[in-house]
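What follows is chain A paired twice: with chain B in the first complex and chain C in the second.
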Partner chain A sequence: MEKTKIESKKISVFYGDKKALSGISLDIPEKRVTSLIGPSGCGKSTFLRCLNRMNDTIDICRIEGKILVDGEDIYDRKLDPVLLRARIGMVFQKPNPFPKSIFDNVAYGPKIHGLTNSKDELSELVESSLKKAGLFNEVKDRLNEPGTSLSGGQQQRLCIARAIAVSPEVILMDEPCSALDPIATAVIEELIDEISKNFTIVIVTHSMQQAARVSNQTAFFHMGNLIEVGKTDEVFSMPKEKKTQDYITGKIG
Partner chain B sequence: MNNTEIIKKSLMKRHLAESRFKTYGILGIISATVFLIVILSTIFIEGKSAFKSTYIKLDVFFDPSIIDPDGTRNIDEIRFANYRKVIKNSLKNYFPEVTGKEEMKSLTELISSSEEENLMQAVLKNNDLIGANKKVWLKASSKIDIIHKNPEMKDLSESNRLISDKELEWFDKLTRNGDVKFSLNKIFFLKADSTEPEQAGILGSILGSFFTLVITLILSFPIAVAAGVFLEELAPKNRLTDIIEININNLAAVPSIIFGLLGLAIFLNVMHLPRSAPIVGGMVLALMTLPTIIIATRVSLKAVPPSIREAAVGLGATKFQSVIHHVLPLAIPGIATGTIIGMSRALGESAPLLLIGMVAFIVDIPGSFTDSATVLPVQIYLWKSTAARGFVELTAAGVIVLLTFLILMNALAIFVRNKFEKKW
Partner chain C sequence: MKEHIVSTYDEDLNSLKSNLVEMGVNCERQLFNAINLTKIINIAKAKEVVKNDDEIDAQERKIRDFATITLSKRQPLADDLRKIIISLKISSILERIGDHASNIAGRILYVKKAPESYLTDSIYQLGQLVLKNFSKALSSYDQESQKIAQIVPAEDVTINSVYETCFREHLHLMMEEPKILGFCTQMLFIAKELERIGDLSKVISKEVIYNLKGKLVKR
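Coming up: the complex of A and B.
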């Protein structure tokens, strides 16, 4: 039996008066990859951003329901969202390295949280994070060059290394490959497979093939509702719901 | 009719509209350029003569009986000696034919009275001059300078000319002997205002402007950047911040003289700060510059892509950290550009400073923020409103100096923008 890392209970989200998600209850297993699929605008990103409270930064966004991480309510008043975001890292749709050196990009998280005690320790952490993200060999001679000088796929792996450096428990990925070519995408997918041994991963994707390739569990969203969730191969081979069937056969999308 | 024919029919008209619009645009640019060239060239033609002035070579005898009658080399004695008489005696030697008292007086007036002070300084510096004979280039008085610069005035009748026939005769004799020359007008660059045009300089008002702008920058930059960052990044978006935002935008459009009134009422009448001082001028201009820099700060912060903020916040940076570490550094070039432009506006400002007394006639070069001073545009205004003929070229020269500083500052703004703008 898998341990549940994140439990969402009847999450509804509103942007002003507009309801973007209604009553989503979804369990996310630990050290597994969960993918969120569905037509665009159905609320995948919104749900993902609830998990590390990134929606707090949007003034008009309001959330109802509960999200438990390791049984602890993350919307509890006593919980500091800054600490939560250190525990739950995020990789965005468009690679967004800081316009600083590759080294500084990865070192930034450990620095602000005071995770290392010496320069050497920091360099080691940067190196190991870049290695975990499969980027170290490509950039080891140019750690001082700007992160923005890398190719798109390398930038996205740099962003993954940057998230890994803080040693989060969960990594959220919002369509991490949508801006990348097929080869860079394959590299990232391999990487996701690799790091899922150590991290709980939630990935939003618009590609059903990608969901099928990388994830253990798949959740299908449609117009703000969670239609179906289950083991990935089951969802794709014998969907229980008509809507899921229509989506994966390309009838809606 | 098929589509191609329909489109062809209207094509002629559409192209014509475009070329008509282009013509208007080019005409507009040409007329603007012509106006600019006319203004700049008249100012330059009028003003360039002020950078040079006329000097007359005289054999000066540093007569001990005038400068140091007791032979004690007493500084006070040397300082208060009658140098006018020293100059008068050398002129008397040059023009032995002049005798009458009245005539002698106008002869002495060939030389600028500022030279009395210069001779005194020279003697103070070098006591050995006392008793010596030396050839010295002395600055000519303003009216001689004007005749020298405008030789066509010599042909006017005596009553229409600035100088009498006699004076002209003397000047011609000096010229024939090769004892008249043009040389750099050092006084213009080294002195403050004066009642005599040939003794008036721009340095006093340059320093006045400098001290004023230093205060303006020190006050407005940190306050405005802090306010801009707070409003754009940290403040909650609600009714109150909306009202503040509207008011700041309105403040940027308030006529500058209003800020002068405010300065007069508060800084002078309530706080009793010194009148005519750069510190008060700087405070008034800081009020005026604040909204400009606040707006520049907010615009530059807005231009930083939200993805940078999300990246930092997603890693667990606080909102403030994401701003200080990532967003603000990217906005700095824009903020700096806005600040320099705000400062160059402040440099060109005169109205609010008139109200707080920076329009006074000030002969001393200001040495600190609390000394009485005037600023460049006000100095130009003061010279323009003085009747004496010699101030005309000074006015234009003052404009040239002011424009030079403004062009330098704007060039700096462009340089900063191009050099430090980061691409992402």
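Coming up: the complex of A and C.
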């Protein structure tokens, strides 16, 4: 039996008067890849951002319902969102390295969270994170060069290394490959497969094939509702809902 | 049925289907002609059946190429994916059925004419049942009808028992009159070809159900 890492219980999100998500209940299994699919504006990114309280930064955003990580309510007032985001990392659509060196990009998180005790320990952590992100061999001789000097695909892997460095439990990815070419995409997908052994991954993607390739569970969102969730193989070969079928086969926008 | 946003995708899938139906109709005609040969031997007709098999083989290649291009171009999912997968499966089954029809004609060419004492038309009757069930399997694909597809396996049970009867009948004929042994052996091979077509019709009907339900039924 798979352990549930994140439990979303009837999550509704409002931006001002507008309801963006209606009562989403979705269990996310531990150390598995869950993909969220659906047309633009369906609420999948909104849902993803609820999982590490990224929506807190939006003033008009109001959330109802509960999200439990390992049974703990992440919207509990006593909980520090900064610490939460160390447990639940995020990788965005556009690679966004800090305007710092490759080394410092990865070292930044461990430094502010005080995860290492010495310079050597920090170097080791940077190296192992870059290795886990499959980037180390490509950058080992230029760790002091700016992160922005890397190619798009390398920058995205740098962002993944940065996310991994603080030993999160969950990594959220919001269309991580949409700005990348097919080769860089394949490298990231291989990486997702590799790191899912140790992390719980939730990925938003517009590529049905990517969702089919990388994820174990797929959830289909439409107009703020969760229409269907199930094993990826089943959702893409024999979806239960007509709406899902129409979307994945290109019959609705 | 909703249409795809990309209309050429619908055109591709429709054209794949119509090509397959066309191939099926061609097989049906070949089978019809081959079965008639078991009642009235006609050398010219038999030669024609053997020759026409090339056309069926070419149709299979065409469907295979088209399906491959559609797979790579559209990267289909769900019901679209199943439609293409079964078109590949069914086209290869039809190609086999075409071979069996051509084999029947080939055996007719070998025996040239029926002995006067050979009076039974049981193999022709078996052929009629097989042809009817094959046509049903084809229409279940054409009409995407689970109802029709479900009839096919049941009918095949009848076909198998008629085949058994044919077999025993021919054994008796051969024992009674060893002179027609050679002819009857060829007729028994023809009966076997027909029985195989019966099985293949059943497989087509199962592919149709897979397309509609997304689950493969046990053979």
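In this section, the second predicted complex is superposed on the first by the 253 of 253 C-alpha atoms of A that agree within 3 Å, B and C clash if a C-alpha of one lies under 4 Å from a C-alpha of the other, contacts with A are read in each partner's own complex, and residues count from 1 in each chain.
Keep this in mind: a residue touches a chain if its C-beta (ideal position, glycine included) is under 8 Å from a C-beta of that chain, and two chains touch if they have at least 3 such contacts.
Everything numeric in this text was worked out from a predicted model, so none of it was measured.
**Student:** Let me test your reading of the model: by the given contact rule, A:Met54 touches which partner, first (chain B), second (chain C), both or neither?
**Tutor:** In the superposed model, A:Met54 contacts chain B only, not chain C.
**Student:** Just to be sure I read the superposition right, which of the two partners does A:Gly16 touch: chain B = first, chain C = second, or both, or neither?
**Tutor:** neither
**Student:** Classify the contacts of A:Arg85 with the two partner chains as first (chain B alone), second (chain C alone), both, or neither.
**Tutor:** After superposing on A, A:Arg85 lies in contact with chain B but is clear of chain C.
**Student:** Pick one for A:Gly41: touches chain B only (first), chain C only (second), both, or neither.
**Tutor:** A:Gly41 sits against neither chain B nor chain C.
**Student:** Please work out whether A:Met208 is in contact with chain B alone, chain C alone, both, or neither, and reply first, second, both or neither.
**Tutor:** A:Met208: touches chain C, not chain B.
**Student:** In the overlaid three-chain picture, which partner chain does A:Cys159 touch, first (chain B) or second (chain C), both, or neither?
**Tutor:** A:Cys159 contacts chain B only, not chain C.
**Student:** Which one hits more chain A residues, chain B or chain C?
**Tutor:** Higher number of touched chain A residues: B.
**Student:** Going by the contact rule set out above, which residues of chain C touch chain A in the complex?
**Tutor:** Contacts found on chain C: 2-6, 9, 75-82, 213-215.
**Student:** Given the complex with chain B, which residues does chain A contribute to the contact?
**Tutor:** Those residues of chain A that touch chain B are 52, 54, 57, 59, 82-83, 85-86, 89-90, 92, 94, 96-99, 108-109, 112-113, 148, 159, 162-163, 166.
**Student:** Which residues, counting only chain A, touch chain C once they are in their complex?
**Tutor:** 208-209, 212, 236-239, 244-246, 248-253
**Student:** Give every residue of chain B touching chain A within the complex, in rising order.
**Tutor:** Spelled out, the residues of chain B in touch with chain A are 236-237, 305, 307-319, 321, 325-326, 330, 422-424.
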